[in-house]
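Same chain, two partners: subunit A is paired with subunit B first, then with subunit C.
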Partner chain A sequence: MSADIVAWLVQDGITNGAIYALLALALLLVFAVTRVIFVPQGEYVTFAALSLSLLEAGRMPGTVWILVFGGLAAAAVEAAAALRARAFAALPRIGLLYLALPAAVALLVGWAAPRQPAQWVQVLLVLAMVVPMGPILYRVAYQPLASASVLVLFIVSMAVHYVLVGLSLVFFGGEGLRARPIAEAKFRLGVVEVTAQSLWVLAASVVLIFLLWLLFERSIYGKALRATAMNRVGARLVGIPTALTGYLSFTLASLIGAVSGILIAPITTLYYDTGFLIGLKGFVGAILGGMASYPLAAVGAVAVGLLEAFSSFWASTYKETIVFAVLIPVLIWLSLRSRHVEEEEERE
Partner chain B sequence: MNRTFTALLAAAALGATAAHAQVTVGVTLGATGPGASLGIHYKNAFQLMPNTLGGQPVKFIILEDGSDATNAGKNARKLITEDKVDVVMGSNGVPSSLQIAQVAFETKTPYLCLTPISLPPERYHWTFIVPQPTELMMGAVAEHMKANGVKTVGFIGFSDAWGDLMYKATEHWAASHGYKVVTNERYARADTSVTGQVLKILAANPDAVVVGGSGTGGALPHVALVERGYKGRIYHNHGTVNREFIKVGGKNVEGAIAPTGPLMVPEDLPDSHPSKAVSLDFTRRYEQAFGAGSRNAFGGYSHDAVRILGAAIPEAVKKAKPGTPEFRAALRDALENVKNVIGAHGVYNITPQNHNGQDERSRVLVQVRNGEWRLMK
Partner chain C sequence: MSRGRVLIALFMFYLAAAPFLLPEFYVTLMNFIGLATLVTLGLILLTGVAGLMSFGQQVFVGFGAYATGVLTTIYGASPWLGLAAGLAFTAAAALGLGLITVRLSGHYLPISTIAWGIAFYYAFGNLEILGRYNGIQGIPPVGIGGWLLDTGRESYALIWAVALAALVAAANLLNSRAGRAIRALRFRATMAEAFGVDTARLKLVVFLYAALLAALSGWLYAHFLRFVSPGPFSVHLGIEYLFMAVVGGAANVWGAVVGASLLTLLKEWLKDILPKFFEQSGNYEVIVFGLLMLPLLHRARDGLAPLLARLAGGARRSAVPAGAPELASRERPAAGEPLLEVSALRKNFGGLAAVRDVSFAIRAGEILGLIGPNGAGKSTVFNLVTGVLASDSGEIRFRGKRIDGLPSRRIAKLGIARTFQHVNLVGAMSVLDNVAIGAHLRGGKGTVAAMLRLDRGEERRLLAEAARQIRRVGLESHLADPAASLPLGQQRLVEIARALAADPVLLLLDEPAAGLRYQEKRALAELLRRLRAEGVSILLVEHDMEFVMGLVDRLVVMDFGERIAEGLPSAVQSDPVVIEAYLGGVA
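Let's look at the complex of A and B:
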């Protein structure tokens, strides 16, 4: 195995690892704030990537229907709650947020899609379609059960995952799609040829991670998120609305997922169900980092990417086996080290 | 929707005495799940099937198995025991089809298999394989490689039963066609990168590469090989030949070579080709119903299975009434002796020794030229 092969594999591993790192951060964020193991995180990737490919082909992605009907469901839940509380003043806000906004996005996409706008417009449209899925999912599926146990929330996640994968098959069909790269240029870096697209992936990941850091360290919302993550009851006692932090974490997660999808769409062929596996590898990364610290999760995810690249060179048949088998020793070590944390979780 | 459909049909069957003369065909397919990209096409073709076969009214009961082998087996059992079907067809995927073959064997029901599977010789009794054997298809690739002086072949395929089948078929012809398979790399359809595998192939530097993927999944290694500067020929297999493959691969897959059935390029076939008329008719009707360029090999397998059945029914109804075990046995005997059935995928001459019955007329080599699959002359 020569040095240039190592260099190639490292480049490949870091590019994939950067995507896994983004997803690992999103999973960790959602888990820390809402205790939801967010299995459908990968579906954002699929929806964003495939919507982008369809927009490029001048077709309207079915993603808008999730937005419209999800918005309807969320509006119904909200309106029922508002009527029960006789808070009629809230109704216009609900209508605007859950009905008018998704409808506006749907109309905009329907109008723009056949006109095949510039790529950056397409990217914005995809973000407008996918990011609102986060808060809508939270409102419909998770908020009514916000205080349920981790296991119940996990089962809800599985249900949401299956619903989204099924819809994805209906909207995008069984065959794979691939988007045009944002930049086609290639650079020589020693022996390795680096594509501009993989630099985009790296740059976007680093910027996103930096922005998340800023959010957590500098803004009141980020501090609210951190407080909720540390102690839900305590956060509520000092006046932090935990529903709001739930919305915020789900919105961030869908934003991160959508960005990952847009970045990865030109690199590989994506299928309606590919996102699950990508999300799962992000999850492995988060667990490698102990499911507690953001920097460790990012490091763990990059490690997963590198492990994947090297095992696909040495023993491609066992690649998945190697990547997921790493979980076992890590989980054993984690369970030996921090058993009491889970017990607290149960009592809550 | 399928369940209501089945329930309605079952109700109709109970209510009407005329159902006795009717031949019932049970189909299980996976238009959802990991095999959906193939299953949808198989299923589409059943919308174009005739109401009578061999002079008998025929009824199709189509169940969904979600590309899951256990479900496929359950569906087959349900079709046979509850719906009393005379023959089963399905499914898209080797594991599912193996399950159905097992059920067909136990229940003594003729089974027209829509996936190329291989069974132990004694298990072929009730099972007939409609698609071309992978060895037959990859034989065309082997001949092309021999004619072009290929001595070393790199293989990269799916890490599933399909990849194994393609690897075996490529190995099968190695000695007789004077080449050596130097790599056996695997990847998954959902993989985001095949850099590692491609680097290994480049390190081995083979004269040609065979890709054992299917559909758009075949594009990923091809694109990666071209992007890394591989200059040799890249061969695919009959699972890859569809329009989406070219859409995904773009300019990078220009020049890709693959074997396929005649129905992918009926317009390019010489008039002397026996399948030309049938293939043309089927692709026309299929594209009318499902859009221009939607033609695919999988719908053709459904089509040919029904044609083979149509050729066997007249013999079988002479001996017994549909819906009885005697009819199923008679149908099996008749299926084993159908001669010169012209399908969209070539000509079928089934014998007790060969439960597929296809020959070289059922394969052509196609190449991607200017973003279209074209017949290689």
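Let's look at the complex of A and C:
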């Protein structure tokens, strides 16, 4: 294996690893705050990437229908709760947030799509379609079960994954799609030919990670999220609305997922179900990092990207097998470290 | 005959008649239901009962199917050899994967099952010997003594015979010594350990059992379809098996049939009608599956099993076997012999010394009270003695043998039984079954014996002993009630009966009077006096001075992690240090 192949594989691995790192952070965030193992995280990536590709082709992505019908379901749940509590004043807000806003986004996308607007407009449209999926999913699927056990929430995630992957096939079809790169330049750095797109990915990941750090360290919302992650009951006792932190973490997760999708769309051909694997690789990264620390999760995710790049060079057909089998030594290590008897038992 | 038995009899009748009445297509569908039932049954025990979630059962189905596929087509072996090889390979793989994962906390297992699901799916699809994505064709049918099962109806007979046998075996298992321990795994692992159950090992056994049922399903599948390819072993199938288990619910093994039937039929029906509404082709049924699961999880987390139970006319009454010989009991130490000696015991939590150089001793035949204000370190001492926590320094000896550092199930074996401050009963199980967990170490029959009903003699003795202890605490009228239906005071008595069923030399009671009403406290004190008279020694950790004073022989008082007084109740009561600790220096 020559030096430039190694350099090329490293670049490829780090680019993908940066995406996995973003997803690993989102997964960790959602898990810490809501105890949800958010399997559908990867679906945001597919929805964002494939929607971008369709917008480029001047077609309206079906993603808007998730927004409209999901908003409808959320509005129904919210309105039912408001009516039961006789809080009629809340109804206009519910209508605006869950009905008018999604409808506006849908109309906007429907109007703009055939006109093939500039790339940055397309990116904004994709964000407007995908980011609201986070709070809507939280409201419809997870909030009614906020106090359920991790395992029940896990099954809910699987059900949501099922729905989203099924819809993805309906909206985008079985064909793979790839978007136009944001930047097409290439330049040499020693023996390496670096693509500007991969620099974009890296830069965006670093900026996003920095922003997350700012949010957690410097803002009151970030501190509320951290407090909820550490101790739900305690957070509630000091007046942090835990439902709000749920919405916040789900919105951040969908934002991160959407950005990842936009970044990755020009690099790889994505299929309707690719997101599942991408999201799970983020999970593998988070577990490599011990499922507790953000920096370690990011490092673990980059390691997954590198491992994937090198294994696709040596044994391309076994790429997935190798990447997911790497969990086993890590789990052995975690298992040796853990105490014999489970400390945290599931509640009845 | 109970309604449940009528339902089962009707189902048997349907199973027997179906191949003669149904057209070929429905017989095939019934075969798929039977195959899914086996996998779901394993999952109901693994996930529903024992609380270990797996999305990776399809991998074990694949092992069973591919093992026999390779052996019968490439090496021309008999399907029976294929079965043996598939089960052996699955057992080895499940043991390896289980050793790694079942000890980890809740969510690691499901995530790693998804990971190995993906890893093996791609391995199935890329291995040359497994025919890559084309799969293996021309697998021979199973032959039984020259009779080849090569039609759908003949496969039906084999598949459902195996499925029914598995269902009956699983029902037998849950109704046994091992089954009671399995039912405690999900919510009550600490309690199970305190009565001698090796929970890590038991979880592994259940995991292995579920994997073997899946492999068995794979073997049947391969010889029924005569063709194996990676498709049916993808992660989505693993998710569907879990959905079947959720729909069926955990309360009853027959939930496996219900879950497998409903989802298989629904999928078939949706595949039929949904494409009529859409132009393109697609997996529309998965969308509907997902959408149906959400309200089910929101509204009926226990699946359809409770409904099933209502149809069957309520839980079966636990029958107490009459005339069973008594279990062997331990030889008792002579009164006054030193029993438990705690010396210079120390435990720190971070910078806080929760227990500082505490020493005391209990002699056989006495009730020793360990009292102190809130936060004095009583519960920590209790947890150190019972092996729930490990001490930092000091010694604990029981009848001369050091027990500090031993896991709680080993301590239980030496004759120490405990109760829990926060009542720790398996709520859905009857009082009788709960108390029988206490006698776990007095029996020895395992899972296989239970499935084959070879444990009945021992089981009768265990239940008779449990019933005897229930009478001893005066709860005989509640024998068959679910433990959760009793008021708190009576649940505490169940805790004591369970500890007594272990035939303890020393009984450790953690605040048994907390939350009891006056009359209940008096009855409890009366019971404890009677136990002392019968030769049981008791360490009583309590809060309630009044309750303790008239009852115990000696008192040890703790405050801020230290022993501040020891002696007769009357002497302790007038000790100025104790009064200061309780009243905060006002005296």
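By definition in this document, the second predicted complex is superposed on the first by the 339 of 348 C-alpha atoms of A that agree within 3 Å, B and C clash if a C-alpha of one lies under 4 Å from a C-alpha of the other, contacts with A are read in each partner's own complex, and residues count from 1 in each chain.
Note that in this section a contact is a pair of C-beta atoms (placed from the backbone, for glycine too) under 8 Å apart; a residue touches a chain by one contact, two chains touch by 3 or more.
Only a predicted model underlies this, so the values are computations on that prediction, with no experimental measurement involved.
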Pick one for A:P117: touches subunit B only (first), subunit C only (second), both, or neither. neither
Using the superposition on chain A described above, determine whether A:L277 touches subunit B (first), subunit C (second), both, or neither. both
Taking the superposition as given, does A:S312 touch the first partner, subunit B, the second, subunit C, both, or neither? first
In the overlay, answer first, second, both or neither for which of subunit B and subunit C A:G290 touches. neither
For A:L177, using the defined touch cut-off, is the partner it touches subunit B, subunit C, both, or neither? Pick first, second, both or neither. first
Is A:T269 touching the first partner subunit B, the second partner subunit C, both, or neither of them? first
Return first, second, both or neither, reflecting whether A:A141 touches subunit B, subunit C, both chains, or no partner chain. second
Regarding the shared-chain residue A:I332, is it in contact with subunit B (first), subunit C (second), both, or neither? second
Between subunit B and subunit C, which makes contact with more of the residues in subunit A? C
Please indicate which partner A:L169 is in contact with in the superposed arrangement: first for subunit B, second for subunit C, both, or neither. both
Going by the contact definition given at the top, which residues of subunit A touch subunit B in one complex and subunit C in the other? 166, 169, 173, 276-277, 317, 319-320
In the complex of these two chains, what residues of subunit A are touching subunit B? 5, 8-9, 12, 15-16, 19, 166, 169, 173-178, 264, 267-269, 271-274, 276-278, 308-314, 316-317, 319-320
Can you list the subunit A residues touching subunit C in their complex? 31, 37, 39, 140-141, 144-145, 148-152, 154-156, 158-167, 169-170, 173, 276-277, 280, 283-284, 287, 291, 317-322, 324-325, 327-328, 331-332, 334-335, 338, 340-342, 344-348
Residues of subunit C touching subunit A in the complex: 47, 51, 53, 55, 99-101, 103-108, 110-112, 114-116, 118-123, 126, 186-190, 193, 199-200, 235-236, 239, 242-243, 246, 278, 280, 282-287, 289-291, 293-294, 297-298, 301, 407-408, 427
Subunit B residues touching subunit A in their complex are 31-32, 34, 36-40, 156, 159, 184-197, 199-200, 203, 215-217, 219-220, 242, 244, 247-248, 250
